[in-house]
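My questions all concern the structure below.
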Amino acid sequence: MTTILYKAKYRVYWSETDAAGIMHFSNHFRVCERVEESFLRSLGFQYTAGSRITFPRVHAECDYKAPLRAGDEYTVAITGVELGRSSVTYKFSIYNESLGREAARCVIVAVAYDNIERRPVELPAECRSAIENALRELETEQA
Amino acid sequence: MTTILYKAKYRVYWSETDAAGIMHFSNHFRVCERVEESFLRSLGFQYTAGSRITFPRVHAECDYKAPLRAGDEYTVAITGVELGRSSVTYKFSIYNESLGREAARCVIVAVAYDNIERRPVELPAECRSAIENALRELETEQA
Amino acid sequence: MTTILYKAKYRVYWSETDAAGIMHFSNHFRVCERVEESFLRSLGFQYTAGSRITFPRVHAECDYKAPLRAGDEYTVAITGVELGRSSVTYKFSIYNESLGREAARCVIVAVAYDNIERRPVELPAECRSAIENALRELETEQA
Amino acid sequence: MTTILYKAKYRVYWSETDAAGIMHFSNHFRVCERVEESFLRSLGFQYTAGSRITFPRVHAECDYKAPLRAGDEYTVAITGVELGRSSVTYKFSIYNESLGREAARCVIVAVAYDNIERRPVELPAECRSAIENALRELETEQA
């Protein structure tokens, strides 16, 4: 059984497709980020421009398993979150609801970066504890 | 009073912003199209790749009134639809809910285009009548 | 004869197409902005994030005349620039070189905006004079 | 010494940046694809919409090392190509010329897919031999 920490449902917009009639492979990273934003907002956080600490991505990868076509409904689920000293690793599964198949699995790693000191820094404490709480609640629910 | 034929609410995703911290002006056209797709789906239509008849845009314009920032919630409303022989003209209003201000007004004109005959053709009858019904229902509600 | 103030040649990238096999209509605005950036860079200016004065767009419009397909080579020409007190109006023509046809005509209006005072301001003098010089040189060439 | 099979130089366009002032991480995949298209065109191939054989991506990954900011000039180099039965694996290095630093390393795997039989198929022979020739020429040059 896959643990789902957070999920949201979307449609493939026409502007996200390419000439092969499917969602362009770069957009899978955008929809994963979309869910991450939504997840963090649910915990009380929001990326804002001009912050001292931002979360640039240091790694992103995706395995594509089935196409997403214009109009297809799909769910993006966060299936795992791992916290390092300054990094957050998210695992995602994209499920094509219209097709009844998993469309992709993706991993994105972000690091807390101090734009004044210009180096990675420890994850802000309130961000770390909010995510840890979310993980703990999930464990309790599943116990 | 502005007539609202159809509307949907979204968030500004991080990937839609630019280095000025606001939604890139090209993305307003994408979110208008997004609502158009949703409106047509509500009437039983869906753009599909490989169709004989597609709906390329012949005109698009937008007046920008206030910024949309990452995370802002906004409503895109279709405030008018006009049917020509082969054209559909949509009018949109984008309202920034987080800011409490209208963000933009846009107009998009699409034409029914036959990809085999390679010329504009009359709007498909079922498309025309579905939109006309939607307009009529709205009038009745407002009467 | 159309005056051409500045122009650049590009290819339609696969990621810029949509499921109809053509460049998505929102991308025409992006390629016009691309040429504007290149034009301003040729005059010694560059948009930078975090500037006090930025140039948000207040109006954008495009008339689409012929499709741009994946791989097509096209030229984007600035065919006119008009300077207001705080605004710059650019006119563009996009010519599909592979097809031998004009693909679109676009107009984009930007205003100088002071991000601290949060209001439109007069065009920075050095920006105004650089553009005026470029326009004057063109007239001389054509005389 | 890194082998460079093919390379091209670009600028970061304003529309490719996000609210952190840097090229959005999803766009690195687009610029890699851009170079792949250019490489294949140099060999006489072009992706076209509606082809029976298309090349959907089955895997994409990127390690981000340094930011690309609006206006930065950068080179995307294909540093390796591996041919499987139906797959092509590309390795890319993105070098920020303005900063004098490598910005990212990416890997993209595409497979030849038959849209009628709806399954991966052997790489088209002329595609395989054109790429093999390019690799062979490179070896000869370096010998």
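By written order: A, B, C and D. Residues from 1 in each chain.
Please note the rule applied: a contact is a pair of C-beta atoms (placed from the backbone, for glycine too) under 8 Å apart; a residue touches a chain by one contact, two chains touch by 3 or more.
Quantities reported herein were computed from a predicted structural model and do not represent experimental measurements.
*Asks:* With centres defined by CA atoms only, which chain is the most remote from subunit A?
*Replies:* C
*Asks:* Distance-wise, how many Å sit between the C-alpha centres of subunit B and subunit C, to the nearest whole number?
*Replies:* Using C-alpha averages as centres, the distance is 24 Å.
*Asks:* Quick one: subunit A and subunit B, Cα centre-to-centre, how many Å?
*Replies:* 28
*Asks:* Need the CA-centroid distance for the pair subunit B / subunit D, whole Å please.
*Replies:* It comes to 34 Å between the two C-alpha centres.
*Asks:* Hey, what residues on subunit A touch two or more of the other chains?
*Replies:* In subunit A, residues 14-15, 17, 19-22, 24, 26, 30, 33, 47-50, 69-70 touch at least two other chains, as defined above.
*Asks:* Work through the pairs of chains, note which ones touch, and then classify the graph as line, ring, star, complete or other.
*Replies:* Here the contact pattern is complete, since every chain touches every other one.
*Asks:* Within their complex, state which residues of subunit C touch subunit D.
*Replies:* Touch list, subunit C to subunit D: 11, 13-15, 17, 21, 30, 33-34, 37-38, 41, 46-50, 69-71.
*Asks:* For the complex, which residues does subunit A have touching subunit D?
*Replies:* Touching subunit D: residues 19-22, 24-27, 29-30, 33, 47-50, 54, 56-64, 67 of subunit A.
*Asks:* Which of the residues in subunit B end up touching subunit D in this complex?
*Replies:* Interface residues on the subunit B side: 14-15, 17-22, 24, 26, 50, 69-70.
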